[in-house]
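What follows is a pair of complexes built around subunit A, which joins subunit B in one and subunit C in the other.
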Partner chain A sequence: MKYKHLFLLIAAAIALPSVLTTPGCKPHNPVSAVEGDAAEKVYVAPGKYDEFYNIVSGGFSGQVSVYGLPSGRLFRVIPVFSQNPESGWGFSEETKPMLNTSHGFVPWDDAHHIALSTTNGEHDGRWAFINGNNTPRIARINLSTFRTDEIIEIPNSSGNHSSPFLTENTEYAVAGTRFSYPMDDDNSNPDVGISTYKQNFKGTVSFIGIDKESGRMGISFQVLLPGFNFDLSRGGKGPSHDWFFFSCYNTEQANTLLEVNASQKDKDYIMALNWKKCEEYVKAGKGKKMKVNYAHNVYDEKTQTATSTLEHETIMLDPKELKDIVYFMPCPKSPHGCDVDPSGEFICGSGKLAAVIPVFSFSKIQKAIADKNFEGEFDGIPVLKYDAVLHGEVKKPGLGPLHTEFDGKGFAYTSFFVSSEIVKWNIQTLEVVDRVPTYYSIGHLCIPGGPTRKPWGKYVIAYNKITKDRYLPTGPELTQSAQLYDISGDKMKLLLDFPTIGEPHYAEAIPASLITPKSTKIFKIEDNFNPYVSKGEKQAKVFREGNKVHVNMTTIRSHFVPDNIEGVKMGDEVYFHVTNLEQDWDVPHGFAVKGANNSELLIMPGETSTLKWVPDRVGVVAFYCTDFCSALHQEMQGYIRVSPRGSNTALTFSTGNKVEPTGATK
Partner chain B sequence: MKINFLIRSLLATLVVITFAYCTNTAPDQAAASQTAAPLGGGQATVQDDVSAKDIVKVASGSPDHTTLVAAVKAADLVNVLANAGPFTVFAPTNAAFDKLPAGTVEGLLKPDKKEALADILQYHVAVAVYKPEMLQDGQVISMANGGNVTIGVKDGKITVNGANLLASIPATNGIIHVIDAVLLPK
Partner chain C sequence: MQSNMFGKTTFIAAVLMLAVFACTSKKEADDAAKKSPSPTDLASAQPEVHGTEVKSIELTTPLNKDWVTTGRATYDLKCQACHKLTDEKLVGPGWLGVTKRREPVWIINMITNVEMMLEKDPEAQKLLELCLVRMPNQNLTQDDARKIIEFMRSNDGVK
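This part shows the complex of A and B:
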């Protein structure tokens, strides 16, 4: 009896705090978390369009995926950092240069954060940017073609995590070093002991300028910083327009077992950086020119061909000398998210291990800087007093705060990894007003327009790290997941789970009306300046340059020109330059040839793509269209004859019964 | 005159029917947030001012083919001819239809003659692209209705079942050969 009482008491004691901290009361069964009208709210009838595009990071897949909201339907996976044999991305001769780096060809990366271009701090629907974390890169995706138009490598960087967040008018995308590393005077990576971290390791943040019209990127300047881990960042807005904020952890400067050693201090930093001042110093010649080596890859829509250029110079600013460009603000326990509210006044730091969410005030930051209200310096950089810059703290909001988005109605929504929930709180009063569980272990979250000056609101989407029992199991590797919540009322309501590709780190959502009117339907054949284009069947030809055989080929429903090719010999390299002559929306053709060691091609209307094929045996080899293009798609095929080395088979090509001898050897 | 009037009223009826059909079957707007989207009336209704024209759009734009277009609508073949194809369509002109015995067209446009009309129209359609230079004297082409037509090529002039090929117009999903007589299935 006694024991029973004791047991009940203990049980009550265990239960009580959880009841107190979760007033919303967690349902025992996730199914009951969904209300009766959820299906109606996410149902988009056949033939109807979704209201929002959800542009989602593909995480370790290196790609970007495109979903509709509220339906959660997947429309596209856009190849970015990883080769994609389905379309030939990174395999075709035209796109291979896109994946070039100073390390050579790197056909994959770990993609992290989406940033949609903005004008005056509001979505403009022009470009999506995404960072490659591993081999530091930033890619720009054209939101008319939904293709990657440009990839720039970031020099003096390693672990490009706090990227590619933007300034309000998309003047710059930023990049920062998650992994500081030894940098000596010329910023090369010298051969020193790893335990010399504190003496030798440095971090940088980079500002990548973006051309207003073309979107073309270029490294404008970099800032040399102490060896911390720079984690996430956000540009200022409105009054804080000139500033950028970065979260920093491992200010302990540990080089081993960071799990423990980077969690020693009570506070790390949020770094406030005045990029307008940086611009002035660069203009005034205060930056130091540095020799570097990085690849800049651009896809030219006219030639439909990418070029990769190695660039060799960057400008480095040193805040030890330029005293008014960088300030540190103490922020509890290894801050991760560093998010700026729509007004630009409040900056939320989310210490992964903190029991509070500190909210900093931009006007207080300005005052503290003016009053030189510093608690000291770190490596020559002023550290502002915590209390002087703090708007206030959200107390005991949950466990493991990560990221915050905003609804434009005065509320912030923060994700909590450890307690698997989204917590809604009032930015002014710092009171928690609602919380909902997520299934399970949420990372980033997204409100349409959430990071902009004009959030569209309506939904919050949780991107979860763990799905366990949420979907039909598929062996040890399970799907990644998003969860959609209605935030139109006072209380958040779970509406839908939908699977995602890779690890859906960050995502943004944008009204479809900002994208659909400019969506490209076809590429005009007259604007195709690929050097191997055939702008009509009469221009199709086969010609030899030494051991290279060029096949300038056309496709149109439902045949290739030419579809019979002879005279290729062992030792030749064959380049199929396939032009899709269609000028009709949604009529791509595919191209595949037996034994191709690289990929197939998927060629959009009006486009030319090139596949290199090295025959490995004598014989007649079939090629065919891989995209069901018409009622006679199965008839869309051809043959190429491969003769022995040194044979005298003439180089000829034909379609139908007329055999055309090839022109003079080029 | 009579025919024209008939076709016009038929077209008007069709428009009304189509419209009514679409509004009646439009899903409940209250269901979910979704933006204005296509009517869902088939491939011929896809909004696209950028792509080159398909066979339906080419024919609809031709003042010489109003009878054919009306007949295609009456036989419910509009979406079929807006499909990916590829098609060769032998397209009789209005004058070609006028050569038929009086009352033939009116008769075929009656709802209970829809199948007969479809059979005739499908006799004008082959699933493949036959460019003029691919046509040879005596060539037999099988048509969508299951019948065959015979091509004639004499002195550079092309005929199909004796009808003269007047012009050829490429379309995104095939090719249109304009002819001066209606082909009647044998």
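This part shows the complex of A and C:
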């Protein structure tokens, strides 16, 4: 639940009963909204594939989920910001560094927005980016392996909400502060009174450069801004390629009871930022170097190991001095979504408390800037005149507009939280042409390719904030509710409900044809350069380094080498480095050992993963394979003997009857 | 070497897709859907090495020493976990005498095209009944497999 304040009350008081009980333009009950051929349109026969991947934020689960469309079937949950004991993500020695931050190990985050990589503004199927809102981070997921390859922490930030939206060629991902905070000249967060918000609190937006080939991220520059709440953002397209747009609320700069105090002004702002100009200023040395601390975590496919590096510097640009990089546009009222249409000419603001949807014109923005058509300044930053930049307003579209997606046929689809509906309108004429109810209280919505220059259209998916009675009840805590609508005709048609995990915020959908042909099946064992790999059973071994015992172990259907280990003593730390020797698709092996204080390992073909195990008592302890691998899977087990501290049991290992003495130390 | 088979599956997939579109009578079938690969496409269009049937291979003497060395290295990495070099069965049969018991084409197809063999070949099926573990596809090329055969011949005493 994102809008826990005002909206929830309004929703409960007005929207739900009206959807459920009142007659009129809304259907009597949800069932009557579904037409006869809906089942046919979402049925994907056994063994057939879905047409689209739906990459969906896992919200407060911290993960990303992957569904098929139109079936709504869940394929996978990709661990990103949260530890996942099922695969060992964030538990294995190789992946623990991925969750490192300047605050130390942070094993959870609140993941909000998916951004799929684009080239020339169109999906290229290479990477998915997602933001961590709580401890500001951006993650990059590799769409060949469906694994998180990189996580970068954002310094000078708090509440990384307007993120990780991209420029057209994936030059940059952005980040912005939803929660401004005190920032002094040294960029540290000084000890000042909270009520000094207006004097001391600042916001920033950050541009994270992305390497064209490797996807590797780095913080290129940051822009220092007034202490607003930066909410959502979108990159320009085509003519507006060089620009980025951010919605800002709490321009009242309230620091308490924002529900009331940040809802005072009739208009807040949408910020237009020229990132190309910023680049030039950075190149010309106009930025200030700032000392910061942030973690940059990279997973290396060759060594199958993540490293975390602490970085210490960013470059800050100040628009008070660099006058032509940032402009504010008045936007009614507490804007949330800030969405750019496929042509790049129109920017739609969605004022959560507004009775209209303002649509801004990029060409008018350019003209107003050239003519210096300003109504004033805020904190030294020019504010453009509303009428000078407005294409027009969609009048009385609904209550509580949040987000807008596009179908590429000249129509926009806006989600309305309070009135619980999707409204379709014509971008040029600003006329509402259709509306459908959602069940209940929609947040984000997604059209395949909807934020790109080339929407694929066909469907719109509603990600709802309230589930209530849509599924069999499961106590007070319910699954999340998504809905699929057919938009191929003039009228939107409800086809399907499907449950989702976490609280799904934003999602994107992409044709399967852009992903499936390059989906990784196995990791080649020859290319595995994990320092503890066993390339074949002959390389399996056990060796001691002080109190650390390393077990370089192999798995293949269906045995471990070694499977009998002796000579471990109390006080030792045991590292099981398990290599899966299989080279066939979908033959993972699992590894679990009794009393492990972390998790299991799930090791893909050709991969090496490491589990640390600290024995807490003397005795013989079993380990086994957790993933049913063959007819003899139940035979896939082994023993490790733990002797008392100071005993002289020799360190040995074996499989079958051959006992190998270890070389004592490496 | 895979072009034949791939061509056929693509053709079948195309026919299937036409049929699907015909019965749902979609006027504007999306580009996306047209390009969307079928399960058979996906299974064969992957970089994973996966077999077409090998019809014949040529054996020569004396053995190619380099191949024996490379074959041995591949054995250590990908085969040794299940096959001993004696006649003792581990997960699969021991290799001693294998080049005398089996035709070289049979061996190479077991290595590079095990799914086909387990489906069609009675001898392969008998072995599955005996061992109860499907021989894994270890992602070996025909070239890798040929070198393994050279190593097997050397293990069987061929000079």
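Definition applied: the second predicted complex is superposed on the first by the 641 of 666 C-alpha atoms of A that agree within 3 Å, B and C clash if a C-alpha of one lies under 4 Å from a C-alpha of the other, contacts with A are read in each partner's own complex, and residues count from 1 in each chain.
Simple rule for what comes next: a contact is a pair of C-beta atoms (placed from the backbone, for glycine too) under 8 Å apart; a residue touches a chain by one contact, two chains touch by 3 or more.
Nothing here was measured: the structure is a model prediction, and the numbers come from that model.
On the superposed subunit A, the two partners subunit B and subunit C do not both fit; they clash. In the superposition on chain A, A:456 makes contact with subunit C only, not with subunit B. By the touch criterion stated above, A:584 is placed in contact with subunit B and with subunit C alike. Touched residues of subunit A were counted for both subunit B and subunit C, and C has more of them. Contacts of A:561 after superposition on the shared chain: subunit C is touched, whereas subunit B is not. In the superposition on chain A, A:75 makes contact with neither subunit B nor subunit C. Once chain A of one complex is fitted onto chain A of the other, the partner contacts of A:47 extend to both subunit B and subunit C.
Of the two partner chains placed by superposition, A:105 touches none, neither subunit B nor subunit C.
Contact with both subunit B and subunit C is seen for A:521 once the two complexes are overlaid on the shared chain. In the superposition on chain A, contact is made by A:535 with subunit C only, not with subunit B. Residue contacts after overlaying the shared chain place A:632 against subunit B and subunit C alike. In the three-chain superposition model, subunit A touches both subunit B and subunit C at residues 40, 47-49, 51, 458, 512-513, 521-522, 557-558, 582-585, 587, 630-632. Of all residues in subunit B, only 27-28, 30-40, 46, 48, 50-52, 54, 83-86, 127-129, 134, 172-174 touch subunit A in the complex they form. If you check the complex, the residues on subunit A that touch subunit B are 40-51, 70-71, 458, 512-513, 521-522, 557-558, 582-585, 587, 605, 629-632, 656. Across the complex, subunit A is touched by residues 24, 28, 30-33, 35-39, 42, 45-48, 76-78, 80-82, 91, 132-134, 136-140 of subunit C. Residues of subunit A touching subunit C in their complex: 40, 47-49, 51-52, 448, 456-458, 488, 511-513, 516-517, 519, 521-522, 524-526, 535-538, 554, 556-559, 561, 581-585, 587, 630-632.
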